[in-house]
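Both of the next two complexes hold chain A, though its partner changes from chain B to chain C.
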Partner chain A sequence: MSKCTLNVSDFTKDAFNRFIEDGDGSGEGFRIEILSPALKSYDTVTVNLDGIHDEYGSSFLVEAFANLIRKSGFSYDELKQKLELKSENLRWSKEIWRYIDEAKKDSAGSLLRR
Partner chain B sequence: MVVGFKDKRTLNPKTGLMQVTLDAPENICLYDEYFNETVLFLAKLDKIERTPKIQIILEMRDVIYISAGAITKLFNAVAERQLYISPSHVVVNLPIDKNIRELLRTNGFIKAVMQGGKGKLEALWESSNFVCGSQRDITMFLQKIRALAKRETLPNHLGVAIKESLINVNHHAYAASSKPETTWWSYIYVGTEGDRQYLATVIVDNGKGIANSIRPHVYELTKVKDNRWVHGDGFCIKTAMQESVTSTHEPGRGKGSEDIKRPVLVKSVLGQHHLLVLSGSGKYTYEIDENGEIQEQFEELEHRCTGTLIEWFLYFEE
Partner chain C sequence: MQEASTLNYDIVFRVLTFLITILTWFVVYNGATHLATRNESKELLGDLHNELKDKLDEAVEHWIKIIKSNGEDKIERSLFLQHSLIHISHLRHIKELFTIYNLSPMGDKDIDELKRLLTESPDKDIRADATALSAFYNEKISQLSRKSYTLIKNSKESYNLRFKPNNISIHEQLKLGFKYVLMALTLVLVLTI
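For the complex of A and B:
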């Protein structure tokens, strides 16, 4: 089984921008350039959330993680199977999974509407 | 003191400029009994024509008190006109009172409103508690607050609240076609009450206001009766402060409002943390009372100010 570890702090120390056009270190940039390719290449991807300044903005987290389902074509089950979140701050990983759960519900709703 | 400017216009024969004198109230304050007078004063300042043919004399000689929120609005109103109209478009006559004058000197207000433009504003980052910028300056802004607070990490989740607020300014406050180079204006104040230390952080923008952003996008708010919106700006702000309410209609948006309220939810033994939002003619407050209950209130105001003001008043708990 192939594994890799990503440190968000290697990408940015100030994790708050949502879109690439907002500036450096955006959630969208992290998803498109770093996380999504890693999830496609490895069986398990561990994201180390520690090492940033202050805290994560929800805009960054939604765009980086929850929008793997809404915008990058990953399924909820794939993320459950492949994505591991690591942090001393339990609230961050809880918050990310809450946003991913919401994206799963949105995704289910969109299937029903088809 | 009577606040007004209609009869205080004189032509300066030396400069050829029409001088408009506006008297500030003694207490420039966005809390308590001074609120209406202060909002009226700021609204009158806002309505003065934006042309280099006019010079505004802001008469503050009788001022004895200025609150954090009000001084940020004043910084924004004066420095923004100096930046975009003319460096000498507004001249501020400082208070006579020694105490308030000393405060304005030490917190950098005097430098912030002296005549000048872009160069003056850039220099404020080194020497003042008043700064302004755009989305690209957020990281520098957070560093500035950490330095003033003498802390490596901002207290009470304030960092994330500021980040989300300024992202909202960038995404929602201005139309893309009319977004200015400088989108937000701020004042940071670290103060003490006895042995208690607190941090007041205020952010102001000159955008369309929260109500104008959110109202057309939320069905309940779009009802019109007698050609007037059923719900005022205060109600719209309260609605916008609920999680997942967003003008974008996109799933996953509208999470920032919880981040903005979060600093106030941190348990305090020193005093009540407080969040104030003023936008258009609406006022919104969020705090935890002495019994630990959330107190969320909104108010429809008599007078309207441009843009939006967000203020966090937080005690340092450790």
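For the complex of A and C:
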């Protein structure tokens, strides 16, 4: 079983931009360049959320994690199985899973609409 | 016999004096602590209100500018996001400070909601459509205003519950004080007899 650990702080210390065009260290950049390839290559990916300045911007988290379902084609079950979030601040991982849950509901809605 | 009785009175008098001194010290100490806690938490409450109002004003000004510039001005947007996250960290700190005074004017959920309102950027589809972008920020302005003023109202209520406002007039307070003094004197008399 292959494992890998990613540190968000290696990618950016200011985690608030949403799209690549918004500036450095965006959620979209993290998803496309780092997280999505890691999830495709490894069985378990641990994301260490600590080490950034202040807090995570909501849009960064939505774009980096929840949009793995909406835009990168991962399923909710796949993320539950493969993605591990590590932080001294439990609030952050809770917030991320809340956004992922919302994305799951959205994708279920879009399937129903088809 | 008379000497023994005088000695008894003397002991009762000393014990009573000691008890009254302790009681007075207790009342004064508690009153002073209560007043100090009340003033310190009121000051903290004022800080919280200013913080919320200032951020609301700043956010409204910033979002109106974004609507007018049709989503341009990337640098200002980044600065606003960064500043908002510092503001959120500060609010979490203020929230922790309130627990010292047994006050909980806002919960983690409230701060999370504020954070989402302040740091949620529109999707690409919305950015491409001027009307949708304007609607997005208008909605944010009304939601943030509502949330900020609800938090201010709730925090005032929480403060008033913890430190009940003193509505008793000085005349009533004197009457109440006189009643207690009378009761204490009666007790002393009963004990001495």
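One rule holds in what follows: the second predicted complex is superposed on the first by the 114 of 114 C-alpha atoms of A that agree within 3 Å, B and C clash if a C-alpha of one lies under 4 Å from a C-alpha of the other, contacts with A are read in each partner's own complex, and residues count from 1 in each chain.
We adopt the following convention: contacts are C-beta pairs under 8 Å (C-beta built on N, C-alpha and C of every residue); 3 or more make two chains touch, one makes a residue touch a chain.
Since the model is a prediction, treat every value here as computed from it, not as a measurement.
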item	value
Touched partner set for A:92, first chain B, second chain C, both or neither	neither
Chain B versus chain C as contact partner of A:103, first or second or both or neither	first
Touched partner set for A:66, first chain B, second chain C, both or neither	first
Partner chain in contact with A:17 - chain B first, chain C second, else both or neither	both
Chain B versus chain C as contact partner of A:57, first or second or both or neither	both
Interface residues of chain A shared between complexes with chain B and chain C	14, 16-18, 22-23, 53-59, 62
For the chain A and chain C complex, residues of the former touching the latter	14, 16-19, 21-23, 53-60, 62, 91, 95
Chain A - residues contacting chain B, complex	14, 16-18, 22-23, 53-59, 62-63, 66-67, 70, 99, 102-103, 106
Chain B residues within the chain A interface of the complex	135-136, 138-139, 142, 153-154, 157, 159-160, 163-164, 167, 170-171, 251-253, 255-256, 258-259
Parts of chain C lying in touch with chain A, wherever the complex brings them together	74, 77-78, 81-82, 84-86, 88-89, 108, 112, 115-116, 119-121, 124
